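Before anything else, here is the set of structures, which you'll find just below.
Below, subunit A partners subunit B and then partners subunit C, in two separate complexes.
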Partner chain A sequence: MAEFNLDCLGEACPIPLMKCEKKIAELSVGDVLIVAIDHSCAMKNVPDWARTQGYNVEIDEVDDGEWEVIIEKTK
Partner chain B sequence: MEKKIENYDVIIIGGGSAGLTAGIYCGRARLKTLIIEKSLVGGLATYTNEIENYPGFPDGTTGLGLMELFHKQAKKFGVTFKLTDVKKVDLKGDLKLIETFRTNYTAKSVIVASGGKPRLTGAKNEDLYLYDKGISFCATCDAASNTDKTVMVIGSGDAAIEEGMFLTKFAQKVIVSVMHDNGKMDCNEIAKNQALQNPKMEFMWNTVVAGYEGDGHLNTVVLKNLKTNELLHVKVDTCFLFIGYLPNTEIFKDSLNMNRNGYLMTNEKMETNIPGVFAVGDVRDKFLKQVATAVGDGAVAGYCAEKYIYESEIFEKQILNDGKPSLVFLYNAADQKSCELLPVIEAFSSKYSKTKLNISKIDIYKSDGIAKRLSIQEFPSVAYLDNNKVMKVLTTNISDNSLSEFIEF
Partner chain C sequence: MPDQEQKTSISRTRAPRKPKKSQIPYALVITVLVIGFGFYLSGFSLKLPIYLAFGLLFGYTLQRSRFCFTAAFRDPFITGSTTVTRAVLVAISLASVGFFAIKLNSVLNGSETNLSMAGVNPIGIPLILGAILFGIGMVIAGGCASGTLMRVGEGFTMQIVSLFFFVIGSLWGAHDMGTIWSTLNESAPKIFLPNILGWFGAIVVQLLIIVLLYIAAIKWQQKKMGSE
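Coming up: the complex of A and B.
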């Protein structure tokens, strides 16, 4: 049950989503991935993708236009 | 993973127009307020391309643009936003508990503004083609990607017909499946006439969806004619469903009263069956679901939540007086008979100011919340409490003498 960080600041769609897919494949069930993004499109497609996978998702707006998408790999 | 615990005055579940308005009122009343939204702030209104009937915008506005303004205003009043799903609630106690996957929240008051989700047809293979695989619920989102294509719209309500007409600006052909007889639609007359005259719109009367077909992505909608039972295979690129909404009330089904369809029951103060829990907007059983009415709901609930929290504090600290004797005078400031008794109560209370007896004067004109907590319906009246319980109530002949006999020490 470890926490991992993924820095996607300054990256536009679809790069954050692709990086997430790759990173989450390396994690074990129960691990949490925290993705930092500042591209509003990624703030929609990354959580949408994670939810369709059945993962738990939470989004924190850490600053104006900057988000942390927290994904728990549940299966 | 250890869950965090965070405490708030008010938690609003859902960040659509009703929730955001409640947030603005709570934030402005200096309550520590949190709005939990599971997808995008703005809710259902953000799926509507044009809003022309929300007052204050004579030239019309977009749903997304309007909701961005609501969001900004709520933030200005210090409302905190958390974008996640609520997993579980426990609303019964004085302190309400709300669970998300990382955090457990407590709140003194909860406002449910969870709205609804689009209703599905339930036809065969529907689950295989939802959202990006060909079945859409949002013309605004998916119109551009259907430029010069053929799309189908299911339904004939205002949303179906208006969104259908919007789609004709992009698509080559918009086929509308209507379950009613030729020429009969559920939408308003203006939209109906415009739609019937629109050359890009084609209507298939007396039909419902029987199934969906495709190879990974939807390519055919199978319609069934209700009169002849004939199955019609219609080739389309996207199918838009506009057949109503279902309330998001799953997590409240053991705690809040709802109607047959799952909408939450409230009174005109937006109060549910649990004190301190309010419901607003589309999730509530109500007549007209619009941004303008959601805003009204939110304002009422925000105001009432503030009153509820204030009254809870007064009730705990003053009225219950830590289990020690307490005398409560309940009066209506708009009633002269009530007001004439005020000097009597004041004189009486100065006599007892150095004892353990606490004497409070409660005006019920603006809010009868405290009277309700004491189960008192008659005013003016005096209640005597000891050990956190109402021992007796005096409603006639309130005077210095009767009060001296009334208290028991």
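Coming up: the complex of A and C.
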């Protein structure tokens, strides 16, 4: 199980979502992707997208207006 | 459940965070300032504090709900998700009923005959051009008008640039509206459904179209993502 970081700070949605889609395709099952975002819209659509894909998702507000979305590729 | 185990395992790897600074004192100061500003505005016109209150309520709702008109039109194409699209459809149907009530009431009372055509704009070349430009712009900028304003308030610096050029574009458009664009609108049709279908026909047709779009949105998501 490897951990990958994806820095999407300062990027407006839909960029973080599209980066996630590309990055998660490179990951193998069981790997964890940590996406750093500071755009409130991406805070909603990234977890929504990951959940509908069936991945495990956790959101961590690391600072005011800055989040880490932790996605575990389960399949 | 394996799900549960995996969840705890991913959270365990997270390092503890430094405690966040409380923002409540700032909130209290700003609330007092806003109330003060409302009283200041009431000195000019009693309508202004009401506008201010509605503006704040809209902003609060937008920010808390993460409501995004851009996502409503963009996400169906990017991810196939139509959850925000459906939220916008619900909002439009509620607004339709509200506008219907206000406009019908004004016609029944005969007080303001101009109100029924207020906000009804011609469907012409400027509208089509503007819609295409706005559509491209809002996806690149990551927000429509309300979304950009809301995120500037949140402190997302990139969208201050969006807001700046948004203001310039609006001013430029407004400047040329009377001279260039209105000439293209002279023969453009102005459609107001109640004039064609009658008041109740109009609201029924409007809501029916929204219901059909809602069903289409659900089907779209099922097809693209295989889930609701």
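Convention: the second predicted complex is superposed on the first by the 75 of 75 C-alpha atoms of A that agree within 3 Å, B and C clash if a C-alpha of one lies under 4 Å from a C-alpha of the other, contacts with A are read in each partner's own complex, and residues count from 1 in each chain.
The rule is short, and it goes like this: contacts are C-beta pairs under 8 Å (C-beta built on N, C-alpha and C of every residue); 3 or more make two chains touch, one makes a residue touch a chain.
Note that this is a predicted model, so its numbers are computed, not measured.
Peer 1: Under the stated touch criterion, name the partner, subunit B or subunit C, that contacts more residues in subunit A.
Peer 2: Of subunit B and subunit C, the partner in contact with more residues of subunit A is C.
Peer 1: Taking the superposition on A as described, I'd like to know which of subunit B and subunit C A:26 touches: first, second, both or neither.
Peer 2: Neither: A:26 stays clear of subunit B and subunit C.
Peer 1: Of the two partner chains, subunit B (first) and subunit C (second), which one does A:63 touch, if any: first, second, both, or neither?
Peer 2: Second partner only, subunit C.
Peer 1: Just subunit B (first), just subunit C (second), both, or neither: which does A:49 touch?
Peer 2: second
Peer 1: Can A:12 be said to touch subunit B (first), subunit C (second), both, or neither?
Peer 2: A:12: touches subunit C, not subunit B.
Peer 1: Which of the two partners, first being subunit B and second being subunit C, lies in contact with A:38: first, second, both, or neither?
Peer 2: second
Peer 1: Hey, what residues of subunit A end up touching subunit B and subunit C alike?
Peer 2: 32, 44, 56, 58, 60, 70, 72
Peer 1: Can you list the subunit A residues touching subunit C in their complex?
Peer 2: 3, 10-15, 17-18, 21, 32, 38-41, 43-45, 48-49, 52, 56, 58, 60, 62-65, 68, 70, 72, 74
Peer 1: Going by the contact rule at the top, pick out the subunit A residues touching subunit B in the complex.
Peer 2: Of all residues in subunit A, those touching subunit B are 1, 30, 32, 44, 47, 56-61, 70, 72.
Peer 1: Please output the residues of subunit B touching subunit A within their complex, sorted ascending.
Peer 2: Those residues of subunit B that touch subunit A are 1, 39-40, 81-85, 100-102.
Peer 1: Once bound in the complex, which stretches of subunit C touch subunit A?
Peer 2: Listed in rising order, the residues of subunit C that touch subunit A are 3, 6-7, 10-11, 13-14, 17, 20-21, 23, 63, 66, 68, 70-71, 74-75, 78-79, 81, 83-84, 139, 141-143, 147, 150-151, 154-159, 225, 227.
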